[in-house]
Every structure is written in C-alpha cells, then in structure tokens.
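What follows is a single structure, written as structure tokens, with notes after it.
Labels for the chains are A, B, C and D, by order of writing; each one numbers its residues from 1.
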Amino acid sequence: MDRPVGIAFVGCGSVMSGPYTRLARQLRERGEVSLVAACDVVPDRAAFVRDELGIERFATDYREIITADDVDAVLVLTSMPEHGAIAKAALEAGKHVLVEKPMATTLAEARELLAVAERSPGHLVCAPHVVLSPTYQAIWRHLHRGDVGRIHLARARYGWAGPWWGQWFYRSGGGPLFDLGVYNLTTLTGLIGPARRVTAMAGTAIPERRVDGELIKVEVEDNFQITVDFGDACFGTVTTGFSMQSYRGPAVELYGGAGTIQMMGDDWAPEGYELWRNDIGAWQLHREQDPHWPWTDGLRHLVDCIRHDQQPVIRPEHAYHVLEIMIKAIESAREGRTLDIESTFTPPTFADDGDRADAHLLHDPTH
Amino acid sequence: MDRPVGIAFVGCGSVMSGPYTRLARQLRERGEVSLVAACDVVPDRAAFVRDELGIERFATDYREIITADDVDAVLVLTSMPEHGAIAKAALEAGKHVLVEKPMATTLAEARELLAVAERSPGHLVCAPHVVLSPTYQAIWRHLHRGDVGRIHLARARYGWAGPWWGQWFYRSGGGPLFDLGVYNLTTLTGLIGPARRVTAMAGTAIPERRVDGELIKVEVEDNFQITVDFGDACFGTVTTGFSMQSYRGPAVELYGGAGTIQMMGDDWAPEGYELWRNDIGAWQLHREQDPHWPWTDGLRHLVDCIRHDQQPVIRPEHAYHVLEIMIKAIESAREGRTLDIESTFTPPTFADDGDRADAHLLHDPTH
Amino acid sequence: MDRPVGIAFVGCGSVMSGPYTRLARQLRERGEVSLVAACDVVPDRAAFVRDELGIERFATDYREIITADDVDAVLVLTSMPEHGAIAKAALEAGKHVLVEKPMATTLAEARELLAVAERSPGHLVCAPHVVLSPTYQAIWRHLHRGDVGRIHLARARYGWAGPWWGQWFYRSGGGPLFDLGVYNLTTLTGLIGPARRVTAMAGTAIPERRVDGELIKVEVEDNFQITVDFGDACFGTVTTGFSMQSYRGPAVELYGGAGTIQMMGDDWAPEGYELWRNDIGAWQLHREQDPHWPWTDGLRHLVDCIRHDQQPVIRPEHAYHVLEIMIKAIESAREGRTLDIESTFTPPTFADDGDRADAHLLHDPTH
Amino acid sequence: MDRPVGIAFVGCGSVMSGPYTRLARQLRERGEVSLVAACDVVPDRAAFVRDELGIERFATDYREIITADDVDAVLVLTSMPEHGAIAKAALEAGKHVLVEKPMATTLAEARELLAVAERSPGHLVCAPHVVLSPTYQAIWRHLHRGDVGRIHLARARYGWAGPWWGQWFYRSGGGPLFDLGVYNLTTLTGLIGPARRVTAMAGTAIPERRVDGELIKVEVEDNFQITVDFGDACFGTVTTGFSMQSYRGPAVELYGGAGTIQMMGDDWAPEGYELWRNDIGAWQLHREQDPHWPWTDGLRHLVDCIRHDQQPVIRPEHAYHVLEIMIKAIESAREGRTLDIESTFTPPTFADDGDRADAHLLHDPTH
C-alpha cells in the first residue's frame, strides 16, 4: 500500500488516549498512517480526538465508521466485553483489525472470530503484543539455540494493586487474569509452546473496593495462581492479581536442563534479561537494548504488514489458545481439578539477528 | 542439665560429616555437648568418627547405641526412608531426638511418631530448622506487625541440578519434594499459617541420570509445581526440582495488601530480606545480619532446650502438616485434582527483638 | 509570550539531529515553539532540516539567522570551540540562548559571555541541564532536609569508550573532561556547593585511535581522576575518560555524617536513587520516577521561562564555575599541584515537592 | 616442620580475641599449630587467653616471650605504633613474624624492618592479606589473561563510621588511612603494579568524637581522597574515611581497554566479582566461591609456608611500598602537591587454577 494506512479508533478511553495515541502520532509523523475516524459510547470524547489528534469524524456507534472507505484498519480498544463483537464486525467489513486483550470473553465468540478472520482479507492482530519485544525475541533465540537446554520449570508474574477506575474490571468478564495474566500466558506459551493442561487456585482477596469514588463489591476472582502443563514434564506457573503492591525480581523465569534465562522488568515493558549457562558458570546480565519499546507495538507491526503485504507474526490462534487457558483456569479453580486444553498453535519463530554493534558502543540508550 | 548433653549420631553420611559435624564441634568447644556414640550401616565410617570427632563407640545397628545411659539426644541423619523408625525407637528409649527431613515418608508412620513424642519425655525436633533463622524471624515480625498487610499471594522456590550420589534420591521415598521443597513449605506455612488445600503438577523431567557413576532410571517425580490454599483467598506456590541449574531472585515472596516482603538467598541460608511498604514507597533492603547462620541450627536449639529445660519452638505438628502437604501434592499431581489438607498446627511465635545496635555500626560481619 | 517561541538551531550535527530534534518536535506539537531557522557549516544539512523538521530557512553562517525578528531563542549545538563566540553574538542580538557544554573553552571567553548575559535581555541557559532531572531534585531535597547529614566524601563517574566520529574530540579544546566530566562536576557542585580547590591526574591512555575511518594521534588527555575540595574537609572525586568500556554501580555517591545517598544510571539519564539513613538501618531503593526525562530538558525549561517570564534555575555562573574547575584540573594535572578555584556561585534550590501519588499506584511507567 | 608450629600472640585486643583466635583454633584443631604464649600490656588479658585458648604462659612485656624456644612464630597484633619495634625484635630473635597493618608507622622504621627480615631466617608476613583471597586471585587471573585489556582507570573504597573504642585511632599514627585505606592500596598495587606518584586531599571531617565513653578531639585526618599514578596514563583513586556510614556498590573497579572488572563486598571480605568483556557484551556475575574466607588468612598462609618450607606470596616489599604511598599521601594532602613514590616491588603472581568443578554444582556454599 502506497498511501498512509487509514486508522479508525473504536474506544477512546485511557488505553487509547495515552499509549496508542502516542504511537499513532509517531506513525503519522512518519507518514505511515492517517487517523481518520474515532468512536466512543461517550459523546464527550469527540472533543478529545478532535483537539488532540485532529480527527473530525466521530461516532458513538462503531457501525457508522468501520465500513468507511478510507478506513483500512480498526483498533478495538473498548472495555473487554465488547472486543469480540466489534472485531468480528470490522473483519466482516473487510478491514484489518487490532483488538486489545482479550480477543473475546468466551471461547465460542473467539472461535467465531477466528473463523471470520480465516476467510476475511483483513489481518487480525490480537494483543498483547509481547512477542514483538526485542527482549522476548532475544530470549527466544537463546532457547532456540539450546543455550539453556530443554525447559523444565517456568514462573511468570504480573500483578498490581488494581485500578481505581472502571468498575467493569471487578465484574464478570473483567478481573486480573484477562487484564494482566494474559501477558504472562502469552509469553510462556510463545516461548515454551502450547499448553496441554491447566490447574489453578483463585479467589477474591479484596471483596470490597473503592472504584470511581464508589465502594463496590468485587464480583470476580481478583487473585490467581495458575499452573500449566506443557508436556514432557515441563510445568509453568503464573501469579497474577489485583492484590500485589510491588515486586522486585524477574518477570519470567525459565529453568532448563543446561541453564536458566529470565526476563527482567515486565514482559510488556522488559528491562533486559539474565542468562545462566552451566558451561559458562556465571550469570550474564544483558541490559535492555530498547527501553522505549512500547507495549502498543502491535499497531506498528500491523501497519508494517499492511504496507508491505506481509503476514503478522502475532497469530490469532495464539490469542485463542491463551484465552482457552484463562477460561479453563477459572473453571479449574472453581471445580478443583486439572483441565485439558484442547486448542493448540504454532509459536512465532524469528530469524537470527546476525551481527550487532558492540554493546559497549551504545553510548546513549535514551535516544 | 548441668553436664554437657551426650549426643549420638545415627547416620554418618555427607549431612553428618560436613554440616552437623561442624556445629557439633563448636558446641563441644563451648562445653555444651559431648559426642559419645555414632552409628552407620557402613562399617568404614567408624574410622571417620574416631579420627575426626574422637568418637570411639561405633555401631552398625542403631539399636546398640540409642539406649546407652550417656546418650541424651539422638541425631537421625540417615537416608530418608529410615528416619521414622529410628526416631520412634529413640523416643521410646526416652531420648531427645533431632530427625532430618522428612520426619517419615508416610503419614501413618509420622502420626505414630507424633503419638510417641506426645507421651515421651524427650523432645522431638524435626528438620528443617528454617524458623530459627534470624531472617525468618525478622520477616515474621514484619508480618505480625502488619507491615505488609494480610498476605494474598506467595511464591517460594528451591531446586538444583540434583545429587550425583545416593541413588535412593531417585527412588520411591526420595525425590526433590522431600529433599528440597520441604524447606519452602515449612517456611510458607510457618509465616502464613496452616494449609487448607493443595494442588500440584509433577513429572520426571530427566528420566535417566548418572548417579554414583552409574546410569540409572529415575523412578520418582523430579520436577514440581505446587499450589497451596491458605484460606481467605490466599494462595502460595512452591517450585522445586532436581531440574534447576541456577537462580537469581528471591527465595520467598509474600504479597500483602499493604506491601511485599521477600527473603533473599535460600530459606535454609538467607541473605537478608527486602521490604516494600506502600506507606514508604521505596524498597528497603535489609542485609543479612547473620551470614553464618547454619541450617543445622536445630541441633543448637535442641541442646539449649535440654540444658535450660525449655520447649523447642520447632514443633513436630508443623513437620507433620508439611509432610501431609507433600504427600497430598504428589497424590494431587497424579490424580489431577485439588486435595484437602486435614492436619493443622500452630505456627511458632517470637518475642519482639527490642532495640538493636545500629546496622551501620556492624563493621565486620565476617566475625 | 503568547505565541510559540521561535527557535533557531546553530549546528545541525548528531546532538541536534537526534536528541534536540526529538524534544523540539514534541514542543512544536504542543504549540510551544516554532522552528524557524537552522545553520550549519555543512550545506548538505539544509536537506535534513527541511525534510525532517520542515525548516525552510537555512544558512551556513550563523550571523545570517541569529538576528532575524522571528527568532526568539538560539540553540548553540556546534562543536565545542565555537560555543562561546556564537552564544555571545546571539545574546548581543537580544536573543535567548541555550548553549551546549562547555559554554566556552577558555575562562576569558566564558567571563565575557557572563558579562554579556548580565546586560542582555535574553536568558543564557548552559548545558548540562542535570539540575532539572527529577532524580537530581529528589536527592537535593534529601540533602536539604538533612537526611544523610553533612557530606564528607563524594564520588562521581562518567566515561565511555569514546566517539569514533569527530576528530576534534581528540584535539585541543576537546577531550572527555569537557564532554563527559562536565556532567559530574555540575552535579557535585550543584548538590554540595562551590569548590574551593582542585587536584587531578590526567594522561593520554590511548595515544592512537581510529576516528572517522582514519587513524589519528590523540592530542589531549583522554583519562582523568579529579579531586575537588568543597571546604570543611569535604572532598569529591570525578573519574572520567574516553577509556572506560562499561560500568555497573552508582553514578554519583554522597557520603554524609548520617547516611549515604547515591544516584543510579548516569546523572544525565538517572535510573532512580538509593538512600541509606542510619536511623532507618536499611537501604531504600527509589525507582526512577521519570525514565523518559531527556538530558535536553534545558530547552523545555528555557521555553517555559520565556513563555512565563521566569528566571531559569540553570545559572550561567554555575557553568562558569564548573568550567574553571575543569580548566584548573587540566592545569593541576600538568603541574602536579593543587590549585585554588576563584569563582563561586549559588546552587539552585527547589521547593518542597508536596504530596505525591503513592509510588505503588504508578502502574505503567512507560507512558 | 613436622610438629605443630608454636604460636605466640603479642597484643590480645579485639583483633586477636575475635578474628585471629577463631582461625588459630581451627588450625590447632587440624593439628597445625600449638598456641604457646601470649602477651598484652593489660594484665587482665591473661584470664582471657587461659580460659578461651588454654594458653598458660602470659607476659606484659613481649620480650619475655618472643625468645622462647617453643615459639616459632610471633603474631604482632598490638595497636599500630608498636608494630615495627616488636616485629623487628621477633625477627632478630630468629622467629617468623606476622604483623598487622601497618608494618610500621614511619618509613625509616619500616626500612629497618625490611633489612632485618632480609637477613633473618624468619618469614615476615605483613597484613593485609588481601592477595590471598580467592576473589583477588580470580581477578588477577582475568587481568593476566588480558580479559579486560590494559587498565586505564581504577577506583577503590573502604570506610565506615569509625571505632567508638581505642582513642589512639584518632591520634597521630592512627587514622583511617593506616587502618582502612591500606587494604585498597594493597589491592590496587597488587593488581595493577607499583605506584609512581600520589596526590591526595585529606581533612578532619568530624573534629570531635565520643570514644571509650569520652568526648575527644580528633587529632588526625579522618577523611581521604587519594589518587595514584601507576604510569602509562593509568590512575587509581582510593576513598577512605571514618566518615562513611554505609555503601552499596563495588569495592574495587578496574577499567581497562577491553572491559571492566570489579570486586564486590570489600577487598578484605569479597562477595564475588563482576566482569564486562567487550567481546561478550554482557556483565558476568561471579558469585563468591569462598564466602567464609577470613581476612586473617595470612596466619594460615604463614603456617603453611613454615610447615612446607615455602616463601610466602605476601612480600614485605609490597607492604613497604603501600606504606610509602600512605605516608606520601598524607604529606601530599598537607602540601598540596603530587609526590613521587620511590620504592617499588614485584606483585605476587599465581598459577592458573586449572579445571574447576562446575559452578552450578556448588550446592551448599555455607559449608
């Protein structure tokens, strides 16, 4: 595609107005996108998109904009329960779609989305976009080269105190697993491979919260310990919750037969990685090479793929697989038994990164 | 007791000859113990105990020494499957007993041991002795004071590449859970309280190993992910295996409603702790105050209790509870369901530590 | 000033095209500046400023642009030896000036610049802008509150392998002290106060280098150890050179009578700070609150001051004082004696930062 | 020598009663030494050495014991000003001598000691014994193999809040340079080579202190920044003082043309080392392999050398060279000029350490 990719935003809340707006502006400055339309159920958001992004066309019903001729790609950034329906409609309208996580909140809806994506000309890119981060890919290359051997055990962790806005976070279809744990599960399955089984414990650690200034009852589990069986006696845990105040330690740990590798920071904002190889006998600390990598990077990737007519490396089957694990984890916690995972997917692979400039010559990583 | 406590060793392998010997020598130098007898099924060990410890009395059958009048306390340091029977016999002989972990390898045997201990005049101190470490107790005090709020999530981890000696480690009654995971479970239940339920995944990650120079088939699970339900939506995981090469991160992490606290190093060899309190807004790093604390410290404690006629703070009910969790974890992994824990115990409490010398005046922590 | 501040760039090399361009674009997007003219001795740079920044007016002689009516502020980003003359001419033309470090390469020239600035209506903001970073100011506040007592000893360090472009870096008027050490000296004097004396050792550690593809002889010292006497038995060292490959440790350390405080990362790109207070007895780790703070921030500050008619907190007397220390340090190293510093200045002070949002609620520091 | 080495202690204060006593007991337990006599100017110490070490022979005048036939080696552990005279007398009596730092407090006295040692049959081992630590030697091997290239810059640091006992620490012949800085200077010169020149700043940061319960006036410099010229444009700094409360960062940093290596902890109690090599491009963290290495290790080494008739690797010429640097540093600070160092020495070299057991198999570093 020669002209800038026409972008329509559906959902103009905090995820859109901060992170995606920032990246969209950069892409527009580089002439890669034009921002043509926006939609939000709150009419007041029209002012924001006009003043901040110069978008004149605004609707409160997404159906009014997703069929427009100058819209090439629809970004679905609404609250979670709407994701599936909007993404499906946009694909059916022949558009490319980026949908924030989760792709849908039921497996049936997600399966339908996959089917539509299969026969639609548009790409479907489902967040989270963690497999795009340079640190994820560096770790993937180490694993692929066998630097730490076959993985036996893994741990991942992402939680925080929880939002004090958006009551839907604490109602059915919300919760920290869809919002936070989804990152860790995407990372672990991307790096290790598809899950075979899942078991979990979950509960409501903080039954009442003040959200949007109101004391509400929390209606979903806000606290999770999930264990995944990857086959061949390889097991990984994910710890997540709106019940953690702070942490200090690796985000993701992978224990293999010949070494250990771990991602620092968070998988959506890595701060380098650490590698132990038995044949070296020392921890190797790799600084973050791209501290400015944005977790919205799937947008850049989708635009690249549209412009250069390439398949995205983020695959909807991966998102579906992670969704199945999450839904089964909740079920497992409620039923007290381990559940089989039926879906599978092929993790993205990456070319060797060839020669890099020497790390000690990276003088100013801030620019 | 005015005279030195008479000690008999049962089992003179690597655990005895290194760690316990070192501490026993120090206690003897301070005049608190005399080392009066030793037993091992390998007759050659007689030379070691005579030459290194000056112990003349040696037997290959423990029954020959545990009844001797000058033996006050019996240290059971054999391989795991023997622990229960020897400890029981020594208690029945009216002796104090320190038994390495696990106290027994079946719940029936452990229950009997508890019953005997109940009616015996001797103390029963069951390893691991982690609740005695200054760092464990410092963390306990922070929890007790409410510095991090109620605990919602916890993680603990202890594994290594596994021993290349002792084939019994890889046969029934062995495995990393009894050998390593037992520490983490003792620590978590000590700090958080009794477990209500357990679920686990386990497998044999490395089916063949070279042990004592011989390639053997591994007959037990060597790789574990265990999740424990502590009630009130508080869940903890333990990751353990003879399948980890190295790690770098906290040993134990406790996530509470007002902060986070984590133990560095390992729970059997702590290297300080780190504390986040929301009301402070910074991580506080507490250096290890006693880098020489030995994980054999239960021996010193038992001797203290004998000499000053006090109850040990290490309680056999705690060891029994941990044993039940371990046995149920294995069962849970095999059956694919969450199992209830029936036993309970009262975690040890500690007095406030009062005023300490200022940390910056600790000039030479090596002595 | 109501309209955007008109900016002219003098010098369009790597410092301009990367770091300052990025910030200038952001300010333009916010409507705070317009980029009206650019100058470089290399005519080819005209294309860059036109294509990347939309600046049509370009000159190879700075005198052609610094007097233009629509230019409010001149950014002097040339190679070091030109700084003084251009900054002076721009001030004399009644413009505001931001000059990269060093403000001049001789004290006479710098003194003249100060005098011109004194009588000129324009502000003179001299890089480095380290006193603007939130981490610098947080440390200043701790010092000011007495959290670590009076400072007795300090260390600062900034070096790297050295540029492989720009042969002038290795000729008279270049060198790592003006290029790198200037940051540390600005930070230390800003935090501790004016220097009274200086002693130094310096030499040429790497006598030949490949620069711009050519093997050249290094004509200046590339390796420095500088010690500064701040009075009252307080001494600080600065270690700098084009002779360091990598480091891992604090950038700036301040040892006081009641504690220690240290800045992590580099003073031009801080990564938080660490605080020891004797009355707390633990290290407190403060995460970087603004990982995106740009070392070009003096431009934003200058624009703010112009728009709101305020005095910059970055004072030219500070830059002059640091220049004197640097020039005397080189002299001291050559002569083998300690030299007095004659100039002085008043370090910038900062208001209390009042109440902050709780640190644990900073969920996504990447945006 | 076949029989245990007969040891006499001269000076039974805190250095003797804690650190050296602990090691001496271990050596006695291994049958390598017998503790035959002790001396202290305080008659009360007789009880301590008899009760704790079983030493019956006690004198208040060292001349009474250093000539005894059963004394093979004399440990000089008195306060600093006495060191030189006692060491000299013991050497003249034909004994082996270990003397705590500094070997003497004037160069003339030290020169005489060297001359006596030259013609005496006894070894002279001068503290500090830092070159014996496994971590020092590992770093030496990396340097020797060229892993970080030629060293250009170095920093070392050791200080603390200062003793609240022993008023002589704060009088002429005392001070933190002789007490603390001596370690860093021994380490730097051992690793880099002899110094050519020195410059320093020093002062009395805390003019009054409470010592032994009494408020005293501090009569010596308690605060130092020292810079050493090693030739070939290589410069190192030592920061030391009774004016530092706590630190967190490497003890010793060595910046070379191809990488960086740094010792963690303190050079008298290392906690591993960290290595950057440009050709690897990551920091390698080497855990401390011998966390129990005692800074009194020169005693073990002296006993080994006596028993196996070998030359100690700790050379008195090294101690003399360091003493000259210290004395000249004080002079330099007072005079405000750089001073030449006249003495030189040959740093100890170490054989390759051959094959080591794999680091990940070190399961229990506590024993």
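Just so we're on the same page, a contact is a pair of C-beta atoms (placed from the backbone, for glycine too) under 8 Å apart; a residue touches a chain by one contact, two chains touch by 3 or more.
This is a predicted model, so every value here is computed, not measured.
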Rotation angle (°) superposing Cα atoms of chain B on chain C, nearest 5: 180
Most remote chain, CA-based centroid, reference being chain D: A
Pair exhibiting more inter-chain C-beta contacts, B-D or C-D: C-D
Centre-to-centre distance between chain C and chain B (centres being mean Cα positions), rounded to whole Å: 56
Euclidean distance of C-alpha centroids - chain C vs chain D, Å: 41
Residue numbers of chain D (touch at least two other chains): 161, 245-246, 248, 276, 278, 283, 285, 359-360
Graph class of chain-chain contacts, one of line, ring, star, complete, other: complete
In the complex with chain A, residue positions of chain C that touch it: 18-19, 22, 25, 29, 160-161, 163-164, 245-246, 248, 269, 285, 291-292, 294-295, 359-361, 363-367
Touching residues on chain C, where the partner in the complex is chain B: 275-276, 278, 280-287, 356, 358-360
Touch list for chain B against partner chain A, complex: 148, 152-153, 155, 157, 159, 161, 197, 199-206, 221, 223-225, 227, 229, 232-237, 239, 241, 243-250, 253, 255-260, 262, 274, 276, 278, 283, 336-338
